[in-house]
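What follows is a set of structures for review.
Each of the two complexes below includes subunit A, the first together with subunit B, the second together with subunit C.
Showing the complex of A and B:
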C-alpha cells in the first residue's frame, strides 16, 4: 500500500512537471515564468532539507488536528445518531456549519489566537472535521437491522453495543474516510500557514510567492505530496490491521 | 439622393486615418489594488489621456498573487507595474522585460513607531529594538541593508515576522512596523493620533538605502515591434501622474481614486495624495517617471548581497531612459 501511494504520487508529479517543462520549451518561456530543469535541480539542492523539515512540521500539526477532529466527530456522531431532539439539532447544525468556508473565518482565528501553533491546529482540525462528521453521523444513524434486531429483542442492546455494531459493519467506509481526511487536515494546515502563520511548508510557499520563485514552490509541492503519500499509506496499513484484528 | 450620401459616407470611412477609427486595445496590470498609490494610473484613464493617444486601456488591479512580468511574457498584458526587486529577479532568470518609467522616486515603504517608545536620532537607536519585517518581501532586504550599512549586526536587533494584523504593534510587542507611508501609514497614523499617540516614521532613504519601488514595465518584444505604442502609452501615463501631482487636479484625483477605494474617507485620501506627491515628484513635475539609475544599481547590489540573485545582471541595460 505504502509503495503504491508513493509510486502514484511520483508518477503524477513527474507527469505534471513534464507538462510544465513542455509548455516552457514549446513557448520559449523564461525561467521566471516556468523554471527550467537545472534551476529546479539547483533549487531542490538548496532548499529540500529545510523544506523536508518544514513538511514534517506541517504534517505533525495536521496529524494532531486530524486526531482531534476524529475524536470530536465520533463524539458528536454518536450523540447525533439518536432520533431524539438533541440528535436532530446536532445533525442540522453539522450540515449547516460545514457550509461555512474556513478560509473566510481564518483571519478572525488568527487575530484571536495569534499566528502560532494553536491557529494552525484549529484551522487544520476544522477543515477535516466537518466532512468526517458528516460521514460519521451518516454511518452511526443508519441501523444495521439484521444484527441490531436480535439484541433489541433479547433486551441486551446498549448504546456502546449499537455503536460497535455500526462501526464494525462500516469499518471499510470509516477507514477510507479517515485516510481521506488526512488530505484535508494537511490542506487545512497549509492554508493556515499560507494565510498567516510563521512556520511550516505553507509559510515557505508564501515566501516563495513573495519572491516570485516558482522553483521553490514546485519543490515545496513535492515535499507536501511525498509526505502526504507516506502518511496516507501508513493510515491505510493501520486501517487494514484494525480490520484484520476485528474480523479475526 | 440617399445613394450619393451613402457613397460619400463610405468614402469618408475608407479614407479616414486608421487612428481615428479604432484605438489600440491595451491591458495594463497594476501591482496592487487601486488606491492612492495608483492615482496617476486612474487619472490617465479618467481624464482621457490614454484616449487622446488613441489607446483603449483596460486597468487591471494587482494583488499578492498577480505578477505583471509573468503576464507580459505570457501575453496577458501589454504593460504592467512591478517592484524593482521583481524586475531584477525576472531579468536574472532571463525574462525579456524592460523598465520604461519609475513611478516612485522615493520608496513609500517605511517603518512606523511610537515616538514615546524611543527617539530615533540615528541608526544606533535601533539596537535592541523589535523590528517587524515581512520575510521574503523587499522590506526584509531594505531593513537588513539599512542595518548593515549602519554597522549594526542582525543579532543586535530582534526581527519579528509581520503578517496580517497590526495587533503586535498596537500592543507594543514590536517597536517598528513596516507600512506604505502614503496609504497604510496615513490610515494607521490618523487612528493613533486620534487616540492621542505620537508617531514617527523611519525613512530608509535617510539612512542611505534607496531601494527602488514601483516601475512601469513592458516586454522587450513590444518595445522592439511597436516603439510608437510604448511611447504613446508612456506619454499618456506620465501625463496622468503629472496631473496627480498638480494641485489643480486635486479634487479630480481624489474622486478618481474614491471610485475604486470606497472605504477610505475623503480627508484621509487628501492626506494620502499629498504624501504620494512627495514620493512621486520630490524634484518637481518635470522629473516624474525619471529612472534613477544609481538607485537601481544599489537595489541590484542589495539583492546580490542577500542572495536574491546569484550573479550581477547589469540592470541598467534594461532601463529605457529617454
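Showing the complex of A and C:
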C-alpha cells in the first residue's frame, strides 16, 4: 500500500515535470518562466532539507486538525444518526454548511486568531470536517437491519452496540473516507499557510511565488506530495490492520 | 396463550392493491402452528405486524403471550467474533444449559469457533434459529428459518423443538406443504386479498417423535391446505 502510494506519486510528479520541461524546450522558454533541469537540481539541493522540515511541520498541523475533525465528526455523526429532531437538525445543518466553500471563511479566522498555529489548525480541521461528517452521518444513520433485528427483538439494542455494528459493517468505507480526508486536511493547512501564516510549506510557496521562483515551488510540491503519500499509505495500513484485527 | 388478529388492513405505501383487507386469524394454544401461503400473499408482512415491527393502520393485534419474537432467514450475526462467543453472550444464564443440546440438534457443535460468514447458508439459518431458541419467549415466529437445510435435519429440528418446548407457541412460516401438514397443529392458509376470508384454518397432523403419518390422511391434509391456498 505504502509502496504503491509513493510509486504513484513519483510517477505523476515525474510525468508532470517532463511535460513542463517539454513545454520549456519546445517553445524555447527562459529559466525565469520554467527552470531547466540543472537549475531545478541545484534548487532542490539548496532548499530540500528546509522544505522537508517545513513539509513535516505542515503535515503535523494537518494530522492534528484531521484527528480533531474525526473525533468531532464521529461525535456529531453518532448524535445525528437518530431520527429525532436533534438528528434531523444536525443532518440538515451538515448538508447546508458543507455546500459553502469553507476556504472563503479563512480570512475571518486570521483576523480573529492571528497568523499562528491555531489559525492553520482551525482551517485544516474545518476543511476536512464537513465531508467527513457527511460520510459518518450517512453510515451511522443507515440501519443494518439484518444484524440489528435480533438485538431489537430481544431488547438488547444499545446505542454503543448500534454504533459498533454500523461501524463494523462499513469499516472499508470509513477507512477510505478517513484516508481521503487527509488530503483535505493538508490542503486546508497549505491554504491557511498560503493566505497568511508564518510557517509551513504553504508559507514557503507564498514566498517563492512572490520571487517568481518556479523551481522552489516545484521542490515544495514534491515535498507535499511525498509526505502526503507516506501519510496516506500509513493510514491505509492502519485501517487494514484494524480490519484484520477485528475480523480475524 | 393466544395471538389474535382482528380486521387487519394494510397496504404498503405506493402499492395499488391492499395486502390485507379485514384479515382475521388466531393462534390459541401452545405448540407448532403454521402460516402457509403462496409467495407474496403477505406472510412475512403479517409476521412483522404481529411482532410490532410494522404498524397496521387498521385492525387489532392482541396477544397475551409476551415476549413474542420474530426470526427470519435473512438475519446475520456480526462477524467480529466466533459464533460460539456470540451465542454465549446473548444467552440468558438460566438458558445456558440448552445451548449444547440445540447446537447438537442443529449439527453445529463443531462450528462454534467459526465466524458467521464462514458458515454455509443452511448453517447460518440454523445458528440464527438457535440464538432465538435460547431466549426467553412465549411465542416465536420463525420465517423460513430452515431454508437451505436438508429434509432430514429439518424434520429432526421441528420434532425436537416441539418436544423441548411444550409450553411455548411457535408460528412456522414455510412454503413446504408436506412439512406444514405433518408437523404443525393449526395451519392458517393466507390468501390473496381478493379472496374472502383472507385466512383459512386447516388442521395439520401435528406429529411428534416416533409417530408415523398415515399416508392417506397426510395426503388429505395436504389437499385441504392446497385447496385453501
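The criterion applied here is as follows: the second predicted complex is superposed on the first by the 248 of 248 C-alpha atoms of A that agree within 3 Å, B and C clash if a C-alpha of one lies under 4 Å from a C-alpha of the other, contacts with A are read in each partner's own complex, and residues count from 1 in each chain.
As a convention for this text, a contact is a pair of C-beta atoms (placed from the backbone, for glycine too) under 8 Å apart; a residue touches a chain by one contact, two chains touch by 3 or more.
All of these numbers come straight from a predicted model, not from anything done at the bench.
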Touching partner for A:39 - first (subunit B), second (subunit C), both, neither: first
Which superposed partner A:246 touches (first subunit B, second subunit C, both, neither): second
Touched partner set for A:54, first subunit B, second subunit C, both or neither: neither
Subunit B versus subunit C as contact partner of A:193, first or second or both or neither: neither
In the superposition, subunit B vs subunit C on subunit A residues touched: B
First (subunit B), second (subunit C), both or neither touched by A:149: second
Partner chain in contact with A:162 - subunit B first, subunit C second, else both or neither: neither
Subunit C-contacting residues of subunit A that also contact subunit B: none
List of subunit B residues in touch with subunit A within their complex: 64-65, 67, 69-70, 73-74, 86, 89-90, 93-96, 134-137, 161, 163-165, 167, 308
Residues on subunit C engaged by subunit A in the complex (per definition of touch): 51, 53, 67, 69-72, 74-80, 90, 115, 128, 131-132, 135
Subunit C contact footprint on subunit A (complex, rising order): 146-147, 149-150, 152-154, 156, 164-165, 168-169, 246-247
Sites on subunit A touched by subunit B in the complex: 29-33, 35, 39, 107, 110-111, 115, 195-198, 206-213
